[in-house]
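One chain, subunit A, appears in both complexes that follow, with subunit B as partner in the first and subunit C in the second.
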Partner chain A sequence: MKTLNHAQNAANFNKDEKRVDWHDETLWWIRQKRDKSAFQIPEWESLRDAASAIKANTLSNLHQYLIEFEKNALANGVKIHWARDAKEHNDIVYGLLKEKGIDKMVKSKSMLTEECHLNEYLERKGIEVIDSDLGERIVQLAKEPPSHIVLPCIHKKKEEIGELFHEHLGTPAGNADPQVLTEAARIHLRETFLTRKAALTGVNFAVAETGEIVICTNEGNADMGAHLADLHIACMGIEKLVPSRAHLAVFLRLLARSATGQPITTYSSHFAKPRAGKELHIVLVDNGRTRQLGRAEFRNSLKCIRCGACMNTCPVYRRSGGHSYHNAIAGPIGAILAPNLAMKEYADLPFASTLCGSCSNVCPVKIDIHDQLYKWRQVLVKEGHTTTAKQLAMQTMATTLSSPTLFKIAGKTARVTLKYAPFMVNNKFNAWYLQRDMPKVPKSSFSEWYQTNRKQNEQ
Partner chain B sequence: MKVALFIPCYIDQFYPQVAIACLELLERLGIDVSYPLGQTCCGQPMANSGFEHLADGCNTLFVKNFIGFDYIVAPSGSCVLHIKEHLKNDSQLDLVKHIKATTYELTSFLVDILKVEHLTSSFPYRVGMHQSCHGQRGLKLSQMSELNAPEFSKPGKLLSLVKDIELVELDRKDECCGFGGTFCVAEEAVSVKMGKDRINDHTKQDVEYITGVDMSCLMHLEGILNRQNSSISVKHIAEILNGVKA
Partner chain C sequence: MSSRDQILTAVKANQPPLMTLPALDSFFESPKNELIIKFTQVLSSIGGSVIEVEDETEIGAFIREHYPLANIRAISPLANMQGIADRYEAENNPHKLENVELAILPAHFAVAENGACWLSETLLAERVLPFITQHLILVVNKNDILPTMHEAYQKISDETYGYGTFIAGPSKTADIEQSLVLGAHGARSLLVFLV
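Showing the complex of A and B:
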């Protein structure tokens, strides 16, 4: 089956306008919570500058920080694995589970494993994976990918969650009380935590100076999973590093405020070494990150700390839904990361934007997201990921606009057509006209007016 | 001071009254304005679609038309931003540099260069100001709601000099209208939904007019308003500042 592009998915999403309104307002509310919380910090903009600079330094010296991190983590008794790509990452995780004879694993939200499609891979190998974040668990029960990196089931209304829970967890039919549903999930997950021998978590930050990893959650499920299991596997992209704990502080102040408007996540857990008799493995994954690092125009995208603020503020994301981006990471940041993974597959994403620039303004690490969207458009077209029709249209437009004479003829033709043969334009083949009227036709163009009314004064 | 009027292609063809208002306003302020007749378009339609490499013809033409002026002024934030960020011509680097530095969007030219403090126009209506993203976030014509920084607004300041105008506060003061160049047809569903939502915000405030610095956003909103048979009209800020009768 051919994957629909963003515009087609978004058009489908917009068939239910009430739902679009609800989705837009829910995310806008989170954007407002972010504003309120960010504006309580007088030094907010300097924090963003600092975070951006720290990440710039980290990316420029990534090789050193990675070696330092590995050395310190190994000294702490942590096992380190390096994965070139998604396949190697998945093989490493599977290898660890197989070695211990484990066929059931609890997972705490990790966008990296979504990027690597780990769940599907492990399921094919006969390993059961239970996502333990409430939102992740909900989309997992619905057999859907997350639609948002921080709020994975933000596209689902509580009534729909009630139905899912009724079907899978036996809650009473028709009950959509969040407290009842959360309680049911809690009991269900508690059993999971107690019986799983392996826990996989993501990583928010890895501190080179100490060799520790930091995981930020609100539900405490990463801690519960990691503390109860014999084997803790933490998977991280190599760009998650920060040089030291002092630098970490800057990011912890920015992350939750940008993401949800909280001052800090409920839990910011530091994992430095395995507990006695247990194992802690960290998988460092490249999967295209070094390639992106090599693209001067796009390397800043690797500063991302996955707060999701750009999604919440994006007027297009709010009205098209996360699934319309057909990528593990949706929204503006997803649109600049995805083409690096597969240009052809994600060639539509950088065009799913008006380039309004709000994303770059909320970004806590000041990634020039909208400028990168513009630059990706140039790269994608140059690499041939465009349609012949678009190419011809653009060539014609360029030729017309490069010649004052052709431009005047074309303008006149358009105005005459609109005036005397509006049916040529006002039809279903004109996407403008479907829900919008065409502009009214003026008596003359400005340049015609100018020549009559001013030109004589000039010469 | 010699000023060249740079009129976006779609304004030239479909909204000549905006260009006329801009010209008259500058003339009334005592500026020596002329309109280079060979101009067409800044090249943004190609560039934003990923075809920047096809904009060479437009770039060359732009430079040719706008040589020899102290300032270049346009009633558009978007086209000016495009010139400032993307005008290219490797054989005329100094000219390009001069053009980029001296090209101004109308309201910033009036506030920053002419330092306008008085206007004679009157516009006795309830008006909503649409912040066009490229003018606001790109050219920083007004403070942006995402930033923790002091408020200011160049177009807002000018509108406050217009007599009897009633400016309303919007719920979402700087959300994009969804025009976005070719986005408006390539992503028709989202584009129109964004436009409808912007219009609702203005409608809730009972505005009679929606104004802004970019006619492209207003053209998109006007298309939706007319389809809805709305009583709200759009008016470019140049028309209001120039005192054009409604």
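Showing the complex of A and C:
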């Protein structure tokens, strides 16, 4: 089956206008919480600068930091694995479980394992995986991928969750009270934590200086899983490193405030050594990251700390939903990470943006997200990964913008067209128009207006 | 070539010229005296409670009054909580903590800006204890409240631990339509005593 592109998915999502409004408003509310929280820290902008600079240093010295991290982690009694791609990552995880004869595993949030499609892979091998983050458990029961990196089921209404829980966890039919549903999940997952011998977690930060990893959750699910299991597997992209503990201060101050407006997540747990007699394995994954490191224009995307702020603020994300991006990571950051993984498959994503720049304004590590989206468009057109219509439009625009005369003529033509023949623009070949009402036509352009008014002023 | 070497070679080939690390000195705050107020405000705003006491006997009295100790399993490694809570000898069997209702633990220090308390493994009978218990009480010295995370990491910069965690409030989730619910998978409540 051909996967639908972002525009087609977004069109489907937009069929239910009320729901779109609700989705939009919920995310905007979270964006506002982020603002309130950020405004309370006078040094917020300096913190963002520092975070960006720390990550720039990390990426420029990643080779050394990875070696240092490995050395220190090994000295702590941690086992280290390296995976070039998703398949190798999945094989390593499966190998560890198989070696111990484990066929049931509890997992806490890890976007990397979504990127690698680990759950599907393990299920095919006969391993049962239970996601323990409440939002992730909900989408798992619904057989859907998460639609947001921090809020996996942000697209779901509580009534739908009530139905799912009624079917799978036996909650009373028709009960959609978040308190009741959360309690049901708590009881169900407690049983899971207590009976699993293996726990897999993601990693928020890894410290080169000490070989420890930091995992942040509000629910406490990563800790419940890891501390009750014999085998803890932590999976991370190689870009998760920070040089030393002192740098964690900067990132922990920014992460939760940017994500949900909380001053910090409830738990920020530092794992340096395995428990006595137990095992801690860390899988370091490349899967395209070294390639992105080599692309000077897109390298900064590797600074991402997965806070989700760029999604919450994005007008396109808010009104098209996470699933429309058909990638593990949605939103503006997903749209610059995905084409690196498979250029052709994700060629539509950098176009799913208005380039308004709101994402870059909120990003705690100051990634130039909207510039990178723009740069991807150039690359994708050049490499022939866009439709002819889009290519023609982009070429016309490039020629027009580079020539003042053509620009003036084009503007005049457009104003005349919009006024007398709106169907020329408002036709089904113009994808931009489908969900929009075209603006009222100004009588004159800015430069025409300026000329007239300047003359008047000079008189 | 092993995957490790392939990845490291690719990293080395693709990483840009060295960029310098920024100085973080400007983020350290000059000592303040409203730290108790700030800590109390922030922790209360994220669902925790704070009580200032004169000495540890007050803590004992409060717990006796507010928790049905006769009917629940309470655990504490603190010497002066004996009589209220059982001392738990680490047996490397965390599953035995399944039915703990109340855990009373000391914390090394607290952080005013975000309401977090730092506990490293030396203070925990079992790593899972502060998570698996239904309710959690932490005891922190009033003089050990630091302004921000910068001071916090400075304090533990040379420390060696197998595990350590910042705990800020009770376990929570807002995954269902952004409605905040306390008591996701970890402790349902958090009470911090400042001594």
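Basically, the second predicted complex is superposed on the first by the 388 of 459 C-alpha atoms of A that agree within 3 Å, B and C clash if a C-alpha of one lies under 4 Å from a C-alpha of the other, contacts with A are read in each partner's own complex, and residues count from 1 in each chain.
The rule is simple: a contact is a pair of C-beta atoms (placed from the backbone, for glycine too) under 8 Å apart; a residue touches a chain by one contact, two chains touch by 3 or more.
Small disclaimer: the values here were computed from a predicted structure and weren't measured.
In the superposition on chain A, A:14 makes contact with subunit B only, not with subunit C. Of the two partner chains, subunit B is the only one touched by A:355; subunit C is not. With both structures placed on the common chain, the touch criterion links A:187 to neither subunit B nor subunit C.
Contact with subunit C, but none with subunit B, is seen for A:264 once the two complexes are overlaid on the shared chain. Look at A:84: by the touch rule set out above, it reaches subunit C but stays clear of subunit B.
Once the two complexes are laid over each other on the shared chain, residue contacts for A:75 go to neither subunit B nor subunit C. In the superposition on chain A, A:173 makes contact with neither subunit B nor subunit C. Across the two superposed structures, the residue set of subunit A contacted by subunit B and also by subunit C is empty.
Those residues of subunit A that touch subunit C in the complex are listed here as 26, 29-30, 43, 46-47, 49-50, 53-54, 56-57, 59-63, 66-67, 76, 82-84, 88, 132-135, 138, 151-154, 156-158, 161, 178-179, 181-183, 185-186, 189-190, 193-194, 218-221, 223-224, 226-228, 238, 243-250, 252-253, 260, 262-277, 284, 286, 290-291, 293-294, 296, 299.
For subunit A in complex with subunit B, the residues that touch the partner chain are 6-7, 10-11, 13-14, 17, 20, 24, 28, 35, 38-39, 41-42, 44-45, 313, 315-316, 319-320, 350-358, 360-362, 374, 377-378, 380-382, 386, 390-391, 394-395, 397-399, 401-404, 407, 411, 414-415, 431-432, 434-442, 444-451, 454-455, 458.
Subunit C contributes residues 2-4, 6-8, 10-22, 24, 26-27, 42, 46, 92, 94-95, 98, 113-116, 126-128, 131-132, 148-150, 152-154, 156-157, 160-179, 181, 183-187 to its touches with subunit A in the complex. Residue ranges on subunit B touching subunit A, taken from their complex, read 7, 9, 11-17, 19-20, 23, 34-35, 37-41, 43, 45-58, 60-61, 133-134, 137-138, 144-149, 172, 174-176, 178-181, 183-195, 197, 219-220, 222-224, 226-227.
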